[in-house]
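This is the structure I have questions about; it appears just below.
Per-chain residue numbering starts at 1, and chain names A, B and C are given in the order in which the chains are listed.
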Amino acid sequence: MTPLLQIDNLSLFYGTDQVVRDLSFSIGRGESFGLVGESGSGKSSIANVVIGDMPKIARARGSVRYDGVDLLSASPEQLRALRGRRIGFVQQDPGASLNPTMRIGRQLLEALEQSDIPVRARSENVAEMLSRVGFDNPGAIMARYPHQISGGQQQRVMIAMALLPKPDLVLLDEPTSGLDVTVEAAVIELISDLRTQFGTSLLFISHNLHLVSKACDRVGVLYAGDLVEEAPAGLIFEAPRHPYTQGLVRCLPGQSAVLQPIRGHVPSPSERGPGCLFASRCAYHSSASCDQPFDATTMEASHRVHCARLGEIPAFESVAGVPEVAALNDAPPIVTIRKLRKSYPASGRELFLANDDIDLDIRQSEILGLVGESGSGKSTLAKIIAGFDVATSGSVLIGGTDIARLPVRRRKRGLLRQVQMVFQNPDSTLNPTHTIGWTLGRAIRKLETGHLSRQSIRSRAREMLGLVALLPGLASRKPKALSGGQRQRVAIARALSGKPQLLLADECVSALDVSVQAAIVELLQDLRQRTGTAILFISHDLALVRQISDRIVVMFRGKPMEIGSASQVYSLPLHPYTEALLSAGTGKAEVINPAAVERPKQASGGCPFVERCGRVVGEICWTQKPGYQNAGPGHEIYCHIPPAELIELQKASHAGILIAG
Amino acid sequence: MLNFALRRLSQLLLTAIVSSFLLFVVTEFSPGTVSRQILGPYALPNQVAQLDEKLGLSQSLPRRYLNWVSVLVGLKANPLGDPALGLDLHDSRGERYFGNFGYSLMFKQPVRDVLGEPLRNSALLGAVAMIFIVPLSLLIGILAGANAGTRLDWSISSLCLIITAIPEYAAGVILLTVFVSYLGWLPGTSPLLASEQWSVASQLVLPVTVLALATVGYVARIVRASMAETMTKPFVRTALLKGLSKRQIVTRHVIRNGMIPPLTVLLLQLNWMVGGVVVCESIFAYPGVGRLLLQAGLFGDLALVQTITLLSLAMAGVTQLVADISYVALNPRVRLT
Amino acid sequence: MTQSENSQRPVEPAASGSWKRFWPKSVRGRLGISLILFWVLAALLAPLIAPYPPNAQDMDALSNLGPSAAHWLGTDLLGRDILSRILWGARTTLLVVPIATASAFAAGTAIGLASGYFGGLVDRVISGISDIILSFPTLVLYIVLIASIGPSIINIVIAITLASAPSIGRIVRGLTLELRSRGYVAAAEMRGESVLFLLFLEILPNARGPLLADLSMRAGLAVVTVGTLGFLGLGLPPPDPDWGSMVAENVTMIPVYPYMALFPGLAMCSLVIGFSMLADGLEEE
């Protein structure tokens, strides 16, 4: 039987830049194929080719056959007919993919316009599909405008839209980017469910190897426009063969004890030669065999690897295990947070609590990880410490000064020096009009003690560049000439120039590719060792936080749910919320109440987590705030259920899965 | 909704008070005072001072403003109408009535009597111009924006750019040269009195064209930019991926979203057209308020200048309100709080 | 800024500080800047290239007012050479316009930066006043102002500043609001930079792209304004030539001698089109 989608030797050029090179893969009927790649790998360009929506400057070579039709030479009319009826597409950013001024029902009905279903039956069809993607009340959803539903619901609507004409193939382009982990897990689950129900083929495109391998039968790894490895999903983590895939797996948080970043950077189109594109970053590179074009090698079990020296590449050894556990830090606290509260006026007379009576210590030279979903108040906490926001009540003591209500503009130089910050977006963290040297020089001049000559500022700036492993020559460059990872390094150097006691890192690696992310994490750990700066590492990614932190705080709606050392929280996640977060990350069974995942409401009176909690014990959870319970040395949870009982409950539900399975 | 309306109304009231006060202050800067104008250039300073006293002009600025407003809303009689002054100014509507704008010294008549006819003429000019401006600029803008990046778009945009850049009076001159001087198809002036040679309608052609030219180009460019931007939105791609045709995509998804930003501009353009009307009426000797405003400004007829400006401010306020309401109507994301 | 100059600079394609960087990349932008440069040269060289003094009356020409070998663009009713008056008129326009535009931009940038950066009460007061000024139809505002304070270069500059500063302020405010949330501004705040440093060294330089385009558009509008005021009799006092009043003087002669008003009108158009095209080109970049 011919495959549904067959791509042969596809090359794609944007102007003179080659973005995809000699790509071949196929997707059989009912099969799901995942394409993984970092930014610049050309994965979205491939999606554009399949749906026949390429930018004007693009030129494609090779063949893309969809059920016998060559898409590259198809007429616009043929393409349009295919799009409406046989290929579905789910884009990233569901919020922007829905027309903001049209009711959801009408937008869904449009998807059926090309179909043979009689007009009268269409509404019913839409309603049925909505209920299949998990809406209890399809009629109500159809009457709404997109902004009136949550991000996760919007993506469900998009999935329903793609599936409505009963297509043979659905393309998913980063369908969960921007969604919280628990919502992401639910969406992935839904996709796998629907696939088995409808027998649809999937082309799943993502930067996230975990997600793809969870949702797909086979996985292709893209690097700079080359398909470097193609393997059954199970093998990608177990036995990756290409040096790039191996590197990628090694720098994924949660896969091994220590993150091992891939050095170097993805070659830009102008730097790409005829040979292996990974060569510049590969430990096994030998110019004799790697720098000319070569073919991919097919191994057993439809495992294809594009590597000239495959024979010499050692088999992948998983360095499984847990990150090194730092001894429980008994260092004195440098920041003491007590009863910190921040509220905003919300609709009506209600208050929205971004931070709800937080008590927390940050100890000298520790890395404290702060995890939570969007809206958990983790960034608000960082903003208050940094002085970009002021607390409603409570205190943040640093060196005897309360800075909870002291905005950054009113802080004295001595205080500014003690707390510095690294920001999230690498594109806007450095001023594009100034050189790197200017930026660092300015920070050194304002934050270092004593008067410095121009000469010494310059040499200090180079020293700082060296500290973050950048070449001193970069000092004369503008940020535009730097990659995202390099910019983030400069930002770290800038923040460290006054030797701060505390460095706030708010999602500082979340915009970076995993290989670069691993390198920054490594750098932060190294800098902590060398400078003794404490780091408050804020992220939504529990695995990443676990990798870098000594202690972890899990936040939910402004309240720490669980505080403990990294190993305590990770190996024995007691709080139901931590448990849910962890299971969403690894794809284990969910203990959260899935219907409530997307209901952003503030519980009044009771436990903030009660609506989503899978372990509610009774009325008390709704009406009374729990207190903190000690679960071990330095390990606290915010729950009514005693820790010992939680352990029992967890054991029981795992057993339940075993029985059910 | 009620809350929103109340807040907008109170805002409008505040704006009215502040802007009328500003207007009052600015016009009070004029070198020749009302008394000086009445008495003529050879009057003695003490005569002027005496009249100032009688008219209440020697009082403080806020006081004078209050007097002015009181006359306006009908709480006080206009001191100029006092027969004892011997100015021979009287108002058939009585001494006190709401909307008393005072006397025009240029015409020696109540402002309301002076304004009636010109106001109707200008409204006619504006209305006819709008009939052409709105559909034309939308059509051109949508056409160019939906085909952004094509040769058609480039030609339309360039043409609009050039047309917009031509000042009204220059456009007037060019049109006069071509259609009046060389071709002799149209009349050079528009007194709005039908003559043997030219009907009233033919007299409207050139003023309307001048008024429409600049505005069409400008609005079309804004519509184009907004449409072109909307075309790149992910939801347009969604529509494409549903298999809709380009026409369906543009009419169903792009136009409504793409019209939200230009709508405000289009309505505020009314406001801007007031300026165009002044120039236009001056070129063609069209008997409207614009020309009247210019004459009054050059003559120093304060009451008339103030009244016409107040009217245009009121119009600005109303259009702003309409713009806000239609913005809400078009955009379901805006919540009325 | 000193540090950057001290360090050795590797060759960077974008940093080749030649004038080519400022040459617009789009066709329309190039056309625009050429038109502007043409008029700037004409204004600078007017005393050298104008065939006659601007107010000299040629009695011989009165018998033949139209374009001739002696008067390429003809003369007006008083026998004054139109070409010379247009060239000299360019000087008036190109003197008033840059001053007025610069002054409007200085004021607009200042209020925009302040209301965007500080927000709160400052923003509400500035925006409130701006809205009120903006609710006056521009030309009415000019008539009221000029009729009150009298026509002169200074007063025209004041009127243009007052009328356009609020809308420039609005644009700057929007840009400031967007830029002030950037990481580099926050980083500068965290190292204790002064407000002026933040506004002028961290924020403003990054707003220059859209501001330059707006600057060019405003300059075009100022040309129109100066011309229109001249046309309406609110411009500079005669006999100095300015394009607007030249049109006004001769507009009644159009049925007989159309060129008298047409040529200065065309001159005005070409300069305004130049500024608009440049603005368009800058916007695209």
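Here is the rule we go by: a residue touches a chain if its C-beta (ideal position, glycine included) is under 8 Å from a C-beta of that chain, and two chains touch if they have at least 3 such contacts.
Chain identities (UniProt): A = Peptide/nickel transport system ATP-binding protein; B, C = Peptide/nickel transport system permease protein.
These figures come from a predicted structure and were not determined experimentally.
When you average the Cα atoms of each chain and compare centres, the chain farthest from chain A turns out to be B.
Counting C-beta pairs in contact, the pair that comes out ahead of the other among B-C and A-B is B-C.
Between chain A and chain C, the centres computed from C-alpha atoms are 49 Å apart. Taking each chain's centre as the average of its CA atoms, chain B and chain C sit 24 Å apart. Averaged C-alpha coordinates give centres for chain A and chain B that are 54 Å from one another. The residues of chain C lying in touch with chain A in their complex are 1-4, 6-10, 12, 14-15, 182-184, 186-193, 201-202, 205-206.
Partner chain C is touched in their complex by these residues of chain A: 386-388, 408-409, 411, 413, 416, 419-421, 423-425, 428-435, 437-439, 441-443, 446-447, 454, 457-458, 461, 473, 475-478, 480-481, 491, 494-495, 498. On the side of chain A, the complex with chain B involves touching residues 51, 53, 56, 80-85, 87-89, 91, 93, 96-102, 107, 110-111, 113-114, 145, 147, 158, 161.
The residues of chain B lying in touch with chain C in their complex are 15, 18-19, 22-23, 26-27, 29-31, 157-158, 161-162, 164-170, 172-174, 176-177, 180-182, 188, 271-272, 274-276, 278-279, 282-283, 293-294, 297-298, 300, 305, 308-309, 312-313, 316-317, 320. Residues 28, 128, 131-133, 135-140, 143-150, 220, 224, 227-228, 231-234, 244, 247-248, 251, 254-256, 258, 261-262, 265-266, 268-269, 272-273, 275-277, 280 of chain C touch chain B in their complex.
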